[in-house]
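Reading through the structure tokens given below for one structure.
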Amino acid sequence: MSHNSFGHLFRFTTWGESHGPALGCVVDGCPAGLGLTEADIQPWLDKRRPGQSRHVTQRREPDQVRILSGVFEDDRTDGQVTTGAPISLMIENVDQRSKDYSDIRDTWRPGHADYTYDAKYGVRDYRGGGRSSARETAARVAAGAIARKVLGDSIQIRAALVQVGPRKINRDNWNWDAVHDNDFFCPDAETAELWASDMDAIRKAGSSVGGLIELVVSGVPAGWGAPVYGKLDADLASAMMSINAAKAVEIGAGMDAAALRGEDAADEMELGPDGQPQFRSNHNGGVLGGISTGQDLVIRLAIKPTSSIRIERQTLTKALAPTTVSTKGRHDPCVAIRGVPVAEAMAALVLADHKLRDAALKA
Amino acid sequence: MSHNSFGHLFRFTTWGESHGPALGCVVDGCPAGLGLTEADIQPWLDKRRPGQSRHVTQRREPDQVRILSGVFEDDRTDGQVTTGAPISLMIENVDQRSKDYSDIRDTWRPGHADYTYDAKYGVRDYRGGGRSSARETAARVAAGAIARKVLGDSIQIRAALVQVGPRKINRDNWNWDAVHDNDFFCPDAETAELWASDMDAIRKAGSSVGGLIELVVSGVPAGWGAPVYGKLDADLASAMMSINAAKAVEIGAGMDAAALRGEDAADEMELGPDGQPQFRSNHNGGVLGGISTGQDLVIRLAIKPTSSIRIERQTLTKALAPTTVSTKGRHDPCVAIRGVPVAEAMAALVLADHKLRDAALKA
Amino acid sequence: MSHNSFGHLFRFTTWGESHGPALGCVVDGCPAGLGLTEADIQPWLDKRRPGQSRHVTQRREPDQVRILSGVFEDDRTDGQVTTGAPISLMIENVDQRSKDYSDIRDTWRPGHADYTYDAKYGVRDYRGGGRSSARETAARVAAGAIARKVLGDSIQIRAALVQVGPRKINRDNWNWDAVHDNDFFCPDAETAELWASDMDAIRKAGSSVGGLIELVVSGVPAGWGAPVYGKLDADLASAMMSINAAKAVEIGAGMDAAALRGEDAADEMELGPDGQPQFRSNHNGGVLGGISTGQDLVIRLAIKPTSSIRIERQTLTKALAPTTVSTKGRHDPCVAIRGVPVAEAMAALVLADHKLRDAALKA
Amino acid sequence: MSHNSFGHLFRFTTWGESHGPALGCVVDGCPAGLGLTEADIQPWLDKRRPGQSRHVTQRREPDQVRILSGVFEDDRTDGQVTTGAPISLMIENVDQRSKDYSDIRDTWRPGHADYTYDAKYGVRDYRGGGRSSARETAARVAAGAIARKVLGDSIQIRAALVQVGPRKINRDNWNWDAVHDNDFFCPDAETAELWASDMDAIRKAGSSVGGLIELVVSGVPAGWGAPVYGKLDADLASAMMSINAAKAVEIGAGMDAAALRGEDAADEMELGPDGQPQFRSNHNGGVLGGISTGQDLVIRLAIKPTSSIRIERQTLTKALAPTTVSTKGRHDPCVAIRGVPVAEAMAALVLADHKLRDAALKA
């Protein structure tokens, strides 16, 4: 069962609410002997951290991570390493401002999980969305940093934002180096500028907008994953769809696969310059039969616009009285932006699990 | 771990290869006292059965299911009922023709799982795709019939094919009754006729084509599912992506969510005629925060064209010699067609599991 | 969840009732490339098979196993091997005689699971105990034969019966070779003869008797298992206690550990003749902190007498009327005898799982 | 997988080392709406807390628990309640004195997990036993307090120490009220006094001693648990054997079951004064076929003496040099004493899980 845990062998469990004292996770199943300090985790959290540009929420959270267990420094080891014991990570909440949320205590915000949490649990921590807040994703990013350690340097996980609202990037301009030179993790510098204007208008209108994230993972060897319900792409789909506001997941050709002919979809094989098998195309996104091909994994996920907007919307109170609601708190006008490091982390977490699962079969 | 199992409380494990003596599954966690005979399962298998039109594989399999355990008939009960013990289902393979496949023993068919199975396992039952064959989905459909029993009549699970190759249905013509009046599970009778011509041409060309399946589930109460890694939509995404040839999954607005504005995506609430909450739209596809809203669940999945085509494609042998391959066996020119009852079954299986999971929390 | 499944990476799921058409199991997670035919499994089933002496049930079951999936023979491999796909095993029930059981349809037999099954499920396959019959253990033994293949020849799993009723073996006479020379898997030939007389008297009296099984596993390397809830001994305890009629499990010194002093219980270490660490004693039964030490694993389990006896006992009917019941069917007067190969199988299944789990951590 | 998690629906994951900054757990799957504050947990921790008598370790730990997530106080609810979100509990380590342990950094203490951790992980937090320390059980006791909330007041879980070293209690003197009037959780006041003298001698000798814990759980309804690998007694056995230093688990008649005759072991049934079924004896310890009978659950577990003793023992260094070791730190001369509240907690945790699992089947 997995209400708040993810993974099988490399497994993490997250906890914490948006306005509780802290949030965190426990990472279980991490192999021993990997170098790990807070400095390995913090940079990834910093990528996701709020308040870094005018296009994201202005909540000020340092998101300083603390490792509470599972590592040990000994003069016989080369610095602090994992011990095989569960790794507990904690991040304190600093800038909560709970008063911002008191007016939505009894009102179900459209597009939010307010109504469904009440339907399921009968009680709801309404402060900042409580457990349904995207703040939970900080714990995923922290766990993902450990997953990257398990995967090692030969596997490269990179994501970019390729669409904001209706505006898509120009793929001819794709430049991975550009991703960190703008506020959007955008691989196309020109489009990034247009998005900046788009976003200014959206923010001014008190609205929000969706986006599309694309992930490319290089260096995964052929053979990870498993039929039939342990498929690598099924696990990736689950991981991506678990991210707040995700509404669609594509692998390789994705939705376009429906329109393809068989001779186009089947990626032909040939010998590469190194005498090893290679593919002439990658419509399958690096996965065949649920198992990695050795090609790049290509995954896209669509993120809906946040429902926290200043524009008034019709809704009901918990007492079933019609009312309107608008959100005045600090929010991301495009949650897809900060979703980029989260998607990377989830990919790392799925892959670390599958690396261990594959190794088990070689016992 | 879940190589060949799916679900947590309502859980099934499938086994069998395309050209082995039989295939089947074990359904575990089914509540006791539900009426269940082979006659409850067979009609769903018949929907998926091959050889029923010229547009699907001509392999002739009666797909007769046998219940081997987990049910009991007693004069104190009203017919045969489940006992709470694991339900073992078996379907014999009748029309295997293994000779069809001997020429692809040492050749990796592009777009198939041949290469990845060899990479992972070092050995492969090449007859008809072995374990990676879509024949495994018969076991899902059989298990899905039991899941429907768990869900009861108040929940209606229906799927239709809404796109074949580039041609989409006209949604204005949508008629659920039409779905069973054509060879495509198509809700638009006009488009079904065009698809018939399209498919004739594709088959004649020795090619194949992809398709898009749309699922609508009515009657799910608000409150099923769970944050954060037990999300109903994440489990549905995993279930759908586990279906052979699936490349994308959408919930509600799906990929289009990326282009939406917040005021459009957030489904407003109002009082319904029965004095209960209702929604003015369903961009979220019946799920908010991973929990059902009580609206229809709306799921779409894109299926790639089968890679078993008569058109020659470039590839490698297991000895890394370049060669070409074409498939002469009997195959579905559009596997998306027979994917429709499979997608329904997977939805039923996810929902039966979540029904039980939700009940546990009410303990 | 594990109603009818056991294990994590090497995992099996059993199904079938005592008087259904068949019983069997699905073994999932078996590494590929292991030689496996029915001939590898049948000898272990034959050890457990009923009707082989006057001291066990006279039900005549050939217990012929059939492999339905997960193996493949190819001229490129050296005989039939596992493919990594789930292995489905089936054993038909031949000698059911359901009429024997009709009189206990509405009566709860003391010491049996009749009352608890009714309490839980409201319905019960009363024929031969249905799912609660020890016949289910045939599937465990079959799965255990595959587990032994995973473990390889360097690990030796042996069990013996060391007590029948109040009479214990003389440990000075322990001879593993004797185990297969008597009807009791007894390592002490002298005691075996006394047991034969004891059993004749018990059978004549229409009674039954308990027994104590001792397992010794040699060749397990140091390092299998895991803290804190993945302990090797905790998993062994669960496995042994899952065997029908088991009431106690001991590891190493077992119950006697309570009476020990620290200086006696702590097994001292020294260098062995091969320059490797060895222990001077084995009070800990080959496990420290949940992880194997490399010493022999020593496990004992107490089996209660079967409750199927000819002697009349007081009980209730399902309608809560007081009555008496005695069992006239064919039963084991000492189920502990045939429990010996079952205990071996369960140990093999736990260890195969832990072998894979340990390998995963070396990824 | 369950390296550091336990349970299925009601599930907890522990983390932390003896000499790290803190330890804790995450409890997942707790139903919403249960009143829960630190004050509900602290009394159980206080029972287990070290330093409360001369017969336990003199380490001074306040073991103050803090709830970091999963609860919410709202003026609409009657005090702070669980929300269905994961409950994170943290206990800071205060009195570590790491210097005590530096001399055993390179030496494997006999009877401890030092050697096996090194064999498995290659690295080991040697301070106070690190992860293998019984200090981890504080997290179990904290989680167990929440499990008790799930179970409610109708279920009573009580444990007592019934043997210390070779000296057993006089069962005729059994008095549950006496359990909290002595330093041993002993239900027999007379024996408690003898144990006090015994322990003084043992402590003076620098030795330690084992013990036997007996658990009695009243109020469990008939029908909890499940065949075949979800047996209530198998899960209890696993839970008990996971406790540090446990070497044996008995249910009901336990080891004595081996010596019983069928007519004695089968607990006869009759009508109780309330017109409901009752049993004339309880040799089966409240479980038949893995399912609760409604009688008291009776469980015993044997705890070996701690291996941390002042008496010198022969062992090896990590460099395989023979040496002797004795432990000078603060330790429990009889860890079974503080094992009593831990065993109670584990029973509560198993039962809360099974309560939810049973409810799921009634969906």
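As written, the chains take the letters A, B, C and D, and residue 1 is the first residue of each chain.
Please note the rule applied: a residue touches a chain if its C-beta (ideal position, glycine included) is under 8 Å from a C-beta of that chain, and two chains touch if they have at least 3 such contacts.
Source: prediction; values computed, not measured.
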Touch-network distance, chain A to chain C, counted in steps: 1
Chain pair with more C-beta contacts, B-C versus C-D: C-D
Where chain B and chain D are represented by their mean Cα positions, the distance between them in whole Å: 45
Inter-chain centre distance, chain C versus chain D - centres from mean C-alpha coordinates, in Å: 27
Distance between chain centroids, defined by C-alpha means - chain B, chain C (Å): 38
Residues within chain D bordering two or more other chains: 1, 3-5, 8-9, 14, 29, 32, 84-85, 117, 120, 131, 226-227, 357-358, 361
Complex contact set, residues of chain B against chain C: 1, 3-5, 8-9, 11, 13-17, 20-24, 26, 28-29, 32-33, 68-70, 72, 74, 77, 81, 83-88, 105, 117, 120-125, 130-131
Chain B-facing residues of chain A, complex: 1-6, 8-9, 14, 108-113, 115-117, 119-120, 131-132, 136, 163, 165-166, 202, 207-212, 221-231, 233-242, 246-271, 275-277, 280, 283-285, 287-294, 302-309, 311, 313-316, 320, 322, 336, 357-358, 361
Chain D contact footprint on chain B (complex, rising order): 1, 8-9, 29, 31-32, 84-85, 150, 226-227, 355-363
